[in-house]
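Each chain carries a letter (A, B, C and D) given by its place in the written order, and its residues are counted from 1.
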Amino acid sequence: MATDAQQACFEAGIKFGSLYHQFAGTPVSPRSTRSLETAIAESIENQPYCESVTVAIDDDAVAADIDHENGYTELSGHLMEVEMRVAYEGVTVRTRMEMEDGYPLMKLVEVVEPDD
Amino acid sequence: MATDAQQACFEAGIKFGSLYHQFAGTPVSPRSTRSLETAIAESIENQPYCESVTVAIDDDAVAADIDHENGYTELSGHLMEVEMRVAYEGVTVRTRMEMEDGYPLMKLVEVVEPDD
Amino acid sequence: MATDAQQACFEAGIKFGSLYHQFAGTPVSPRSTRSLETAIAESIENQPYCESVTVAIDDDAVAADIDHENGYTELSGHLMEVEMRVAYEGVTVRTRMEMEDGYPLMKLVEVVEPDD
Amino acid sequence: MATDAQQACFEAGIKFGSLYHQFAGTPVSPRSTRSLETAIAESIENQPYCESVTVAIDDDAVAADIDHENGYTELSGHLMEVEMRVAYEGVTVRTRMEMEDGYPLMKLVEVVEPDD
């Protein structure tokens, strides 16, 4: 059987994969970054055990990514930072998405068990 | 070659398909309907020739769709109404998504050409 | 009211937007291009009035897009070509997605009406 | 810091969330279930540490879900079963998605550590 900490990490991973694959590809421009950040965070916070989600879309990166006359680009990992806190049976897991070598890496930042 | 009105209808269809398949499946609860409506509208308004998008997610339908203890459901056609206006070379197209026999139907409501 | 040709173009646009926003972001590598092409085509062919869909994912472009050690990338417009044929009330519409200035443009190629 | 087993569970969760939110909403009919199963499995197997993915879409459930004249439905959790095996630094994690009270639950089935 899995421990509570392992289960908490599994739940944290589900939220991250959900967030990324639900919203990657969304049309985005500097005009629509704030509403998209809010919707992503509030949407994923609906999921079980998800305590808080923070999404920061980088306006400058979005602007730089717009290389055609239409004035928008598609949301992708290199345009945003995400932090998340999941709590399961007393275990708290903090995760973060950040770029590493041009690839959006989802990282387990901290696992805090009740005994800690 | 396609006429401007045909091209305008094609563009309107693209926006509808984009909206539906980008956002269907998003976790939603009565707590997060407003932010999701705004993000969907502002996101799709980024697309070329898209003048305005209105999304109304039905809070009561969302609440009724929540049949498990987790307190959320997934966004689907029967939970929202969408209206859209696309303008291409002087032609204005209005579209609407509404339920018909339990299926979310995307409808061409009006095509207004410059001569009209 | 819309003409049959306008309605056919609207339907064609819906399929294109659906295809793009359903599948953009899918993890893809040269090992999985064939199965993804087939699934995309067969999936969208389910939609009303959709006669045929052809998807060609460019293996070389996928390989070139893999710039990290994990060995895959995300499906995006610049990695594939799409052709589609929609038929509505005797009107046939052919569409194609191709790159133009680095942006995946969805084009109306031909609208053939019964009288033509 | 996270243990290897916790990291393995986090990775397993990411794959599950990715799979679900990338492919939920895909148009599906009994004609296209096999190609969709294969594409989903091969797509997610591209992700890091993902050893194997098995997707079984229930043709009868798909057929029963088609309640409109168009002949297709949208892929959702109640139409498929998923099993997955993730390996990270010698730890093997097995997961399964199955229905519980009408809700597609993603479960951690087994975590096997090298010492076990």
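In this section, contacts are C-beta pairs under 8 Å (C-beta built on N, C-alpha and C of every residue); 3 or more make two chains touch, one makes a residue touch a chain.
Given the structure is predicted, the values throughout are model-derived calculations rather than measurements.
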item: Homomeric contact chain A-chain B: same or different residue positions, threshold half; value: same
item: Longest centre-to-centre distance from chain D, chain (CA-based); value: B
item: Chain pair with the higher count of C-beta pairs in contact (A-C, C-D); value: C-D
item: Chain centre separation in whole Å, for chain D relative to chain A (CA means); value: 20
item: Intercentroid distance (Cα basis), chain D paired with chain C, Å; value: 25
item: Separation of mean Cα positions, chain C and chain A [Å, integer]; value: 28
item: Where chain C touches two or more other chains, by residue; value: 18, 20-22, 25, 70
item: Footprint of chain B on chain D - complex, ascending; value: 20-21, 24-25, 67-70, 74, 76, 101-103
item: Residues of chain B defined as touching chain A within the complex; value: 18, 22, 25-29, 31-32, 35-36, 38-40, 42-48, 70-72
item: Residues of chain D touching chain A in the complex; value: 1-3, 5-7, 9-22, 93, 95, 106, 108, 110-111
